[in-house]
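Beneath this line is the structure, given in C-alpha cells, with notes to follow.
Labels run A, B, C and D following the written order; every chain starts at residue 1.
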Amino acid sequence: MTETEKMDPKELIARRCAAEVKPHTLVNLGIGIPTLVSDHLDEGMGVFFQAENGVVGMGRRPPEGMSDRHLTDAGGSFVSAVPGASTIDSAFSFGLIRGGHLDLTVLGGLQVDQRGYLANWMIPGVYVPGMGGAMDLVTGAKRVIVAMIHSAKGGQPKIVPECSLPLTAERRVDLIVTEMAVIRPEDDGLHLIETAPGVTVAEVRAATAADLIVRGDVPEMDLSRSC
Amino acid sequence: MTETEKMDPKELIARRCAAEVKPHTLVNLGIGIPTLVSDHLDEGMGVFFQAENGVVGMGRRPPEGMSDRHLTDAGGSFVSAVPGASTIDSAFSFGLIRGGHLDLTVLGGLQVDQRGYLANWMIPGVYVPGMGGAMDLVTGAKRVIVAMIHSAKGGQPKIVPECSLPLTAERRVDLIVTEMAVIRPEDDGLHLIETAPGVTVAEVRAATAADLIVRGDVPEMDLSRSC
Amino acid sequence: MYQALTVDEAVELIPDGASVMLSGFMGVGTPDRMVRALADAGKKDLTVIVNDAARPDRGVGPLVAARCLRKFIGSHIGLNPDVQEQMREGTLEVELVPQGTLVERIRAAGVGLGGVLTPTGLGTKVAEGKQVIEVEGKPYLLEPPLGADFALIAARSCDYVGNLTYMLTATNFNPIMALAGRVVIAEPEEIVPVGMIPPDAVKTPGALVNHVIRRVA
Amino acid sequence: MYQALTVDEAVELIPDGASVMLSGFMGVGTPDRMVRALADAGKKDLTVIVNDAARPDRGVGPLVAARCLRKFIGSHIGLNPDVQEQMREGTLEVELVPQGTLVERIRAAGVGLGGVLTPTGLGTKVAEGKQVIEVEGKPYLLEPPLGADFALIAARSCDYVGNLTYMLTATNFNPIMALAGRVVIAEPEEIVPVGMIPPDAVKTPGALVNHVIRRVA
C-alpha cells in the first residue's frame, strides 16, 4: 500500500468517506475535507449533492469562463448543476435537511466525544464563525459522518471524553473518519473499526483522549472501493 | 330608484360590496353571493383576486370550449387567469391569507352576532360541510366583509345577540352587507350605517334580533359607485 | 431514486389500513388513475388525508363510494353526500381541519418541525382539547404534524430522475404532500427526458419521489 | 401595488434604526445596488437580518464596513473580519441563529404563524433561555417569528405588476423574506412586460411587492 501510505491525509479521509456513499442518494458535503468526497465518486452512481443554499444536483466547477454568479455552493464558490438538478429556496432546502430527506451529510469537526456528540461551530473567545447550517444538518440528516484530521494542530486530541467546545447537536453521529482510523459511536462508546494503512491500534489510542472499544482484530481501511 | 328596488337582492348585495373594494388590492371572494362582487368591478382597477386553491389573479370564465381542468376557482368551477397572474401551492396560498397579505375577503354568513363574530361553516346535526378556508380567511384577512341575505329562509334572524351556531373565528368582522342594510360592528355593538333603497330603519330593526345602534339619519346605500 | 411502476404495481404497495395523502382540490390535481385503481382493488380501512371530499365521481370520491375509507382528514365535505351518509352511519370517521392548518400540519411533518402554532381556530370548536401556547403575548393553537405512509401526487410533468412540475391550480397540496409521505408515488401526465425541466421550474425534486407511475400505454 | 423608484428614492424610505431583511447567501442573491446606496447614505443603527456576513466587499459587507449596523441577526459571520472586530469592540450586537431556524422564523412571521417548533439547537447554546415544548412525546425548541420593517429582495426578473423570479442559487432567502417585510422592495436585474413570466414561473406574486427599483439607466 505504498501509494496510500503516501496519500495526502485529507485525500485519504475523503476517499474513505466516499465508500460510505450509496447509489441514488441525496448527500450534503460540508466545507473543507468533505467537499473532496465527491471527487472519489462515479458520476454514474446517481448521487445528488445538495447544498444548503438551495441546489439539489450540484456539479463540479464549470468550464473555464463559464461560471455564473447565480450558481454557487454553500461556500460561495462557483459550481455547475448536473442534468436533473433542481433549485429551491432556503426554506425548502432546510425542509429537506430537517425533514429527514437527506440520506447523508459529511461534515468537518472540531471535537467529537465519547457519546458521539459533535462540536464544530465555535471556539469561545477565539473563533465564532456561527453555525450556518451545521446544527440543522446534524439534527436532521439520516446519517452523519464526521470527516476530520485526527488531532488538532499542536497534537491536541479532538476525540475526547466530553466535548469542551459548544455542541452542534445532541445527536450521536454515525461515523468518524480520520486519516488514522474509522470510529463508530454506539450506545456503549466509541468503537475503533478500522485503522489507516500503516497505523497501529496503539497509535490511534495514543492520539485519542476518549476510550476506544476494540473487538477482535481491527481491519485496515479498504480504500479500493472508491474510484 | 325604481331600478334598484327591483334589483335582485343578491345583485344588490354584490354591488354594495363592490364599492368597498379598493384599487390595487388583493381580494378573496367566497362562494355564493361574494362571487358576484367581481362582476361589478372595473378590470382596470388593478384588483387581483386570490382563490384558496392557489391562484393570484383569477379571471372570469374562459371563452367557450377553452376551459382547462388545471385552472379552477375554490369551488371547482373553471376560471381564467388575468395577465400578471401567478399560481402558488396551498401552503403559500394560506401564507398569503394568514400572514396578513390579503387586503379583503368577502364571505357568506349563517349568523353574525352583536360582537361582530361570524358563524358560517356548520349547522350541528343538520349540515356539516366543513370550514374549508373560512377560518383562516376570517382570522387572517386585513378586512372581512360578510355578504348575506338578511334573514334565513322562514324569516329567522341571522343577525343575533350571540351566535348559536359554531363560530368561524373569534375575530370581529369589519362590515355586514345585506339586501336591507349595511352594518358595522364596533366596540360598542352593531352600527346601522346604511339602509337599502326603500327600506326603513324600523324594517331593518324588525328583521334583526341583535340591537342596532343608530346615530342620526341613516343614509341610503349608494349603489352608483360600482360599475 | 424511483422506479416506473404500473398503476396496479403501485396499488399493491399500499396495504389495507394504510394512511394515504391524496393531493387535489375539488378533484383538480388529484392522481385519478391511482384513486380508481385503489377503489377497484377494494382496499379497506384506509385513512385518507385530502383537502376535500370533492364529489362522488371526483377526487377522493370513488374511494368513498367503494367504502375503502375508515377515516377522512380534510377541510371540506359539503359536496359529497356519500361522506355525509357514511359519517351518519358511523362507518367513516371524519376529522375536519381548517385548510390553512391542514397544509401547515402536513408541511410540518414534511420539513421536520414539531407542529404548527396558528391563530386559526382559537375560540372555536377546532380549539377543543388543544393546547394554547403564548408567544410574545399572543395566543396560538398548537396543532401537531400530520404525515402519512403514502403520498399520492398528481404531476404535470416528470423527468427520468423524478423531478416534478405542476400546472396552475392543479398544484395545490401536491408539492407539500410530496414532502410528507414516507413513500411518495407520482402520477404524471407526461414523462420527459432529463433536462426538459430546467432546475428553476422543478417544484418537487426527484430526491423526494420514490416511484413514478408509467404513462398509459 | 408598486412603484418604480430610483435606488436613492428607495433608500430614503428606510430610516435610521429600521430593521431590514437582506436576502443572499455569501452575497449571491443580494440586492447590491440597495446595499451600496444604504452604505453611501450613511444609515445608522440598522438591524439587519441576513443569512451570513459574506465578505467585506460582498453581500451585507459594505453596510458593516460603513458601520451602518447596530445589530446583525444571521447564521454565519466567519468570513467577515469587520463583523468579528465590531463584535469584539461591542459596537455591533450579533445574534447567531441556525440557518434552518432563521429561515423558518422569517417564514413564520410572513405566513402568520406564532413561531417555530424545531429540534435544531436542543441541548446546545442555542437553547439557552428558550422554551421547550413537547409534542407527541418529543421535545422541540420554541423559536419566535422574525419579521422586519423592510425586506430588500434581489430578483432576476420583475414584470410591471411586481411578479418576481429568481435564478438558481440566487433564490435562497428571497422568496421567504418577500413574505416577511412590512415594506418589500425588489431590485430586479431586468424588468419585463406582463405576460413574460408565466403564472407557474412566478416565485413571488406582485401582491407582496410594494416597490420596484428602476433598472440602471
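Here is the rule we go by: a contact is a pair of C-beta atoms (placed from the backbone, for glycine too) under 8 Å apart; a residue touches a chain by one contact, two chains touch by 3 or more.
Just so we're clear, the structure is a prediction, and the values are computed from it rather than from any experiment.
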Neighbouring chains common to subunit A and subunit C, by label: D
Taking each chain's C-alpha mean as its centre, the one farthest from subunit D: B
A-D against B-D, pair bridged by the larger set of C-beta contacts: A-D
Between subunit C and subunit D, centroid-to-centroid distance (C-alpha), Å: 32
Subunit A-subunit D separation of Cα centroids, rounded to whole Å: 29
Gap in Å, rounded to a whole number, between the CA centres of subunit B and subunit A: 56
Separation of subunit B from subunit D, taking each centre as the mean of its C-alpha atoms, in whole Å: 35
Subunit C: positions in contact with at least two other chains: 104, 107, 111-113, 118-119, 166-168, 171, 199-200
Multi-partner residues of subunit B (at least 2 other chains): 55, 81, 87-88, 91, 94, 97-98, 139-140
Chain-to-chain touches, reported pairwise for every pair that qualifies: A-C, A-D, B-C, B-D, C-D
Subunit D contact footprint on subunit B (complex, rising order): 24, 26, 46, 48, 50, 55-57, 81, 83-88, 91, 94-101, 139-140
Touching residues (chain side subunit D, partner subunit B) in the complex: 1, 107, 109-113, 159-161, 163, 179, 194-195, 199-200, 202, 205-208
Of subunit D, residues touching subunit C in the complex: 104, 108, 111-119, 133, 135-136, 138, 140, 142, 144-145, 165-168, 171, 199-201
Subunit C - residues contacting subunit B, complex: 25-29, 51-52, 54, 58, 74-79, 84, 87, 94, 96, 98-101, 103-104, 107, 118-126, 156, 166-176, 203
Of all residues in subunit A, those that touch subunit D in their complex: 51-55, 68-72, 74-76, 81, 87-91, 93-94, 97-98, 127-136, 139-140, 166-170
